[in-house]
Amino acid sequence: GSTSNKNGGSSSNPAGGSAGSSSGGASGAVKQGLKVYFIPKDTQNPYEVLADKGGQKALSELGGSVTVSSGTTDTAAAQQPSIQAAIQAHADAIVIAANDPAALCPSLNTAARQGIQIVAFDSDIQCGSNPNHLFINQADTKTIGTSEVDLLAKQINSQGEIAILSAAASATNQNAWIKYMKEQLKKYPKMKLVSTVYGNDDPATSLTVLQGLLSAYPNLKGIISPTTVGISTAAQYLDTHKDVAKRVTLTGLGLPSEMRKYVTDGTVQSFELWNPSDLGYLAGYAAASLASGTPMQAGSTFQSGSLNKTYTMQQGDGELSVVLGPPTVFDKTNIDQFNF
Amino acid sequence: MATPARLVLEGATKRFGSVVALGEGAITLYPGEAHALVGENGAGKSTLVKILGGVYRPDSGTLTIDGTPVEFGGPADAQAAGVAIIYQEPSLFPDLTVAENIFMGRQPLGTWRRIDRRAMERRSREIFTRLGVQLDPSRPARGLSVADQQIVEIAKALSFNAQVFVMDEPTAALTTVEVLRLFDVIKTLREHGTAVLFISHRLEEVYACCQRVTIMRDGRFVRSVGVAEISIDEIIRSMVGRDLEALFPKTETAPDEVVLDVQGLTTEGVFHDISFSVRAGEIVALAGLVGAGRSEVARAIFGVDRRDAGTVRVSGRALANGDARAAMAAGVALVPEDRRQQGLVMDLGIDQNVALASMAKLRRGGLIFRSSERKLAATWAERLQLKYGRLRNPVSTLSGGNQQKVVLGKWLARAPRLLIIDEPTRGIDVGTKAEVHRILDGLVSEGTAVLMISSELPEVLGMADRVIVLREGRITAELSRAEADENSIMRAATGQNAEIAV
Amino acid sequence: MSAVTVPKADGGVVLTLLRAREIGIALLIALVVLVTALHNSHFVDSNSVQQLLSGAALIALLGVGETLVIITRNVDLSVGSVLGLSAYVVGDLFKYHHIPVWSGFVIGTLVGVAAGTLNGFIVTALRVPSLVVTLGMLYVIRGIDGVIVNGDRIDPESIPNAFTAVGYRTLFGIPWLAIIVAVLVAVAGFAMRSFRASRDLYAIGSNPDAAALAGVPIQRRVFSAFLISGTLAGFAGALFLALHTQIDNSGGIGYELSVVAAVVVGGVAIFGGSGTVVGAALGALLLNTINQALVASRISAFWNQAIAGALLLAAIAFDRWLSLRVTKSLRSAEGAHREL
Amino acid sequence: MSSDLATPATRKDASAAKSSGAREPVWRRAARWETGLVAVLIGVLLWASIKSPTFTDPSTAFYFGVNTGYIAVMALPMTFVVMTGEIDLSVASMLGLSASMVGYLWHHGWNIWAAFAVALLVGVVGGALNGVLVARFGLPSIAVTIGTLTLFRGLAEVLLGSLTIPTIGDRQFPQWLTNIGVNSIPGTQVSWSMLIFIVLAVIFGVVLHLMPLGRAMVAVGLQPEAAQFAGIRVKRMKFWLFVLSGLMSAFAGILVTLQQASVSYNVGNGLELTVVAIVLFGGVSIFGGRGTILGVVLSVAIVGSLQMALTQLNVSSDKQNIVTGVLLLISVIVPNGGEALRRAREFVRRRAAHEPG
């Protein structure tokens, strides 16, 4: 990780300059007929499906095409054949939501060496400089972690026992956010993280561990669930157990469409997310831009179509990334405006 | 006979692939008679029975019951037509209670068509009383001894109130007393007008309980006569199609050095402190009632079961506990009592079965080739006069007697120093029986030590040089050939004076 | 020479009691609850107990059908996929066709009927090993589910409240879900003891050849077992939707192994012939109790699965030990009555 | 298991064997199934070459090896286990545990070879646990290995938790080793794991078909009691086969670690059913005693190349699942289909004969 950091840092200025002069930062410079492979965690994850659709929209605007390919299970092995297919099809770019931060690096590196641009979204890869890649961050990782803690703190007056209901123990993005949550919690001395439990993004498992959590920590004041399955399962539980809902506050990352019912009836006050479709859309633009010659380095810029913004690649968290934007906080006042 | 026949089977044929199991089967049963069906192994008796029971559909032939032609689509049809069958292989449900085993599919019903368990157990008990045995109807069938399994089979058939009652070798596993009791039951059935078909290889039983006998050979009907009109020798001649040499050939040999020496062999709850020895060139018989623990002794010696105490020496070398491989290496062979489960792998070919115990010998550079297996099997098939189609055919296609020969071949191919043979002729016809006996005699002449377990007294008396009698897991007598007779053995086996009547 | 009553033969009262497997399992459940409650009294709070019951309910329901199938020496590995398909189909109809609440249950069940019919037909008409058939169907049905779902998701607000009420309402503090399943288990348990057709199932599994000789219509009965298993899986799908109030392509993934585990722990012999549906249901309850107790005991989440696996093995071994004891006592009882 | 009334042999008779080929020699049945597999394989290869422009790309062979090699390695011991009438559902979890062990030790500064050795040892111990429970205590293997499936995966989770090894700041795995996931054997398009599989398959094939041990496995699978009476140490054999299965799964875990140059505890999640499916599709009878290594090798080739082709053609993975399932169904329906047709015809004939009368 550190070498790439250094390289990126030292060469960012001149390279950024050259990028500016060669591509002019205009989307008009994007090549026609680009072939981009979108490799989501699996082909059925609703969140990822929205993102893929965003990507498709982006590429069709740019005169290219998107192939969505992945397995049915959330494993690295199931994504491997899709990467290979992309290599064999001489794709211009791969946009991947990795099921494992490292397991796909060798394959992706092979792809990169054949001139395929690697873009990660949703869940990042940690491959160092093999290959270099651009991460489309849904929101700044740190911001997500800290803002969720802040969100909860506001609702429970910054005090009491809290817990995290996560997806699988090995989920990269979850773990990254949890890391920053823990850091942010240092600012709230009266809030104590008592446990992190894993519902494996399975509603039944999530329910069982949730109940276990509630009986293990009867004084629990708040739960952060940074995963859509976890938060909606917990919300349904609270919705049907008003006694618990009275003392336990829930927040995290959820889809407005899944959470609308609970926000409307007051079970959940607020939670966050970004628009997954925008995320895919941005990833699509980034991939197209990289494939059209925009250098993969800090300071490079690219247009983002209907997002109406010029994004600049930055060296953050040791990885080259762009950030979609701050997450949207959903509550009673705004939830009806979102339909994803 | 004046009365109309209850059941008539004519011109029945059944083939399995190329094997003609039944070429021209025929039988006529009259109400109120007990009718014996005899024939060599593989004569087609069981096949005929299965046709009567609706298990097999005949390729041709007609079946008439009480004058009406019938065609059975399955066992249920036969039952509905009043035909009750006891099959040769016990077919119980180990997980169900004895009572349920008896009434499976016909359980007495109470309100709402619920099974009336109490009635079911009561009726089971009634049948057991008739048979003169004490069996708890509410216990599971798992763990029942072979004899008790047979009793349950009989009870099952009795519960039918059938018009036709077919029993395929029901006495093979029964004690004398139980056989007599069964004969009483048959008599009662006859008096109620039931037609009984009785199959047995023990021809004396045929005379003890039947009025007429039908003889089959090679899948064909030979003749049907009243038992009073035919002698045992004549029956045998018709069965075998030739005159029979001596049933118990016995060459006198001088026993040599001790091959097997057993001291203090004990398995808790099964047998205790068993000590004896077997010399080269002699046949030692283990006699006793079914359930006395003889097979268990054999299994413990061979090492398929572990023993709790005691030593087993073969030619002076002690055998490790529970290690059949070591016993085989020391020259021990065991022909087990249940050839279908223990003696043979039914779905493997004749050749592979014969070769299975001789792998080490057949190995060439660590590898086994089918050709060498076949060569070995061909040798033994010829020596034992095996009747078979092709050597690669599964042994399941052979008749019982020929299967037994395959087991023998499998072990003789190892040229054992000690041959343990458990019920060598159970369920085997007289012709093959004599052959098996001749093989044993030949082995002994060549200096093999033989330990034979047999429930047939004539066999024990005819073949053994010494007889060791077991009762409830303990040795109660060791008799020389001169001392051994029916009385002395039965006294030792039962612990009392028993009249042997059959 | 008196009639031998088996239970008296060996081991006395305790063994006689334990012989009814259900009691053994119930004792184990009590033990787990007790030990956990000593640690943490909140484990026996009403909420917690409710979740113990409703968390086990679906697996228990699937276990009823699975028991019937396993008793006949077959196995149905497709139940998880059937549940997932049924749940989605029902959700889809609620969302896009606004079908009446009651028909949700009917249609879910019908999906199961179709799957069960297909399984049963292939196994019985073609006489092929059910493990292979239902493993194949596991893939096929999951695939069909995926094709139908096509990345969509049914949100809580699309599902009528009256439908989801079945998932959370309670009666005298007991979840409806648990009551429904308990009633079905009781009915099935009663039927399995009392009718000829159900005893046929035991006969088939205990000794198929003998069953054929006894005139048992084997193929018809095995077909029925698969049909019932499918039907219950379909119904369970509807309940799944009611409980979790949302569904995508992932419903019921991996349930097949949980169900088989529950059934085996519940004392149903995997090779057929013995076992009860009550035992299977208790097996499901035991496994769920263990999972929930581990969280409630504040054991690190990383240890949960390992401990659950170890306990599962222990439960299987314990059951085996018990049945060995029973067999032994039967053996020693045998022989005592033989007349010489 | 005790010699109770209903033994596995009668079970087999009743279900599988009673149908078509029970009375036929084993080899003829097998030969026919293998012939069918060869035909299917040729068909798949032809179809894929025509349909998918990239299928004939040499790299397809390499990717095929990388994707299937380590799974196929587990299919070999699974074949042995299934031949003896048992099943091992814990293979994928053992793969995960072994890989996690390598990762854990590597993370803690161990030498890579020492880590491998420990991982293999873990495989042996885990396999021995299965073996003891199945062979010594007589527990049903399907239940036991569902238990160890949970246990092994759980232990892997205990070892690594949320870590992916190498974590940031860790040493990378030695590159010349991890290259097996990227580079083929020089001068060929064969991946290392595929080469390993082929070599192992030859060894396993010789053992199964040409050695006493193989004969013994067949006998044990068909009729364990008879095997025991022929001097075959049934329990011991089963024990060691489970150990072998554990060892090979652990080895597959090492392979996958190197191919991916990293480990998380959930690597290989859910592969157990894939392995079983491959073995069954290869014509190995789930009741034991029947099957060939050649069939399993062909099955690997078919399943692997189908997956390559379908992914290249961008057929959705759901439809790929359907294909897998249908293949499995075909593997049992085709051999039994003729018999079923015959039965159906006879049924109709009997109906027809009955109706007029």
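As written, the chains take the letters A, B, C and D, and residue 1 is the first residue of each chain.
One rule holds for everything that comes next: a contact is a pair of C-beta atoms (placed from the backbone, for glycine too) under 8 Å apart; a residue touches a chain by one contact, two chains touch by 3 or more.
This one's a predicted model, so the numbers in the text were calculated from it and none came from an experiment.
*Asks:* Would you mind naming the chains that touch chain C and likewise touch chain D?
*Replies:* A, B
*Asks:* Considering only mean CA positions as chain centres, point out the chain farthest from chain C.
*Replies:* B
*Asks:* Counting only Cα atoms for the centres, state how far chain B is from chain D in Å.
*Replies:* Comparing mean C-alpha positions, chain D is 42 Å from chain B.
*Asks:* Nearest whole angstrom, what separates the Cα centre of chain B from the Cα centre of chain C?
*Replies:* 43
*Asks:* In whole angstrom, what separates the CA-based centres of chain A and chain D?
*Replies:* 36
*Asks:* Cα centroid separation between chain A and chain B, in whole Å?
*Replies:* 74
*Asks:* Which residues belonging to chain B are in contact with no fewer than two other chains?
*Replies:* As it turns out, chain B has residues touching two or more other chains at 92-94, 142-144.
*Asks:* At least two partner chains per residue is the criterion; list those residues in chain D.
*Replies:* Where chain D meets two or more other chains at a single residue, that happens at 5-6, 13, 157, 161, 270, 316-318, 320-321.
*Asks:* I need the residues of chain A touching at least two other chains; which ones are they?
*Replies:* 43-44, 72, 169
*Asks:* For this structure, give each pair of chains that are touching.
*Replies:* A-C, A-D, B-C, B-D, C-D
*Asks:* Which residues of chain B touch chain D in their complex?
*Replies:* Touching chain D from chain B are residues 16-17, 73, 90, 92-94, 141-144, 149, 302, 304, 323-325, 327-328, 334, 336, 338, 340-349, 352, 355-357, 359-360, 363, 366-370, 392-394, 396-397, 410.
*Asks:* In their shared complex, at which residues does chain D touch chain C?
*Replies:* Per the touch definition, chain D meets chain C at residues 2, 5-6, 8, 10-11, 13-16, 18-19, 89, 133, 137-140, 142-144, 146-155, 157-158, 161, 270, 273, 276-277, 280, 285-287, 316-329, 331-333, 336-337, 339-340, 344.
*Asks:* Please output the residues of chain B touching chain C within their complex, sorted ascending.
*Replies:* The contact residues of chain B facing chain C are 53, 55, 74-79, 85, 87, 91-96, 100, 104-105, 107, 109, 113-115, 132-136, 138-140, 142-145, 147-148, 175, 177-178, 269, 289, 291, 494-496.
*Asks:* Which residues, counting only chain C, touch chain D once they are in their complex?
*Replies:* Counting only chain C, the residues touching chain D are 73, 122, 125-129, 131-133, 135-147, 206-210, 212, 249, 254, 257, 260-261, 264, 269-273, 302-310, 312-313, 316-317, 320, 327.
*Asks:* What residues of chain A sit close enough to touch chain C in their complex?
*Replies:* Result: residues 43-46, 48-49, 52, 72, 169, 195-198, 201-205, 207-209, 211-218, 232-233, 236, 239-241, 243-244, 255, 257-258, 260-262 of chain A touch chain C.
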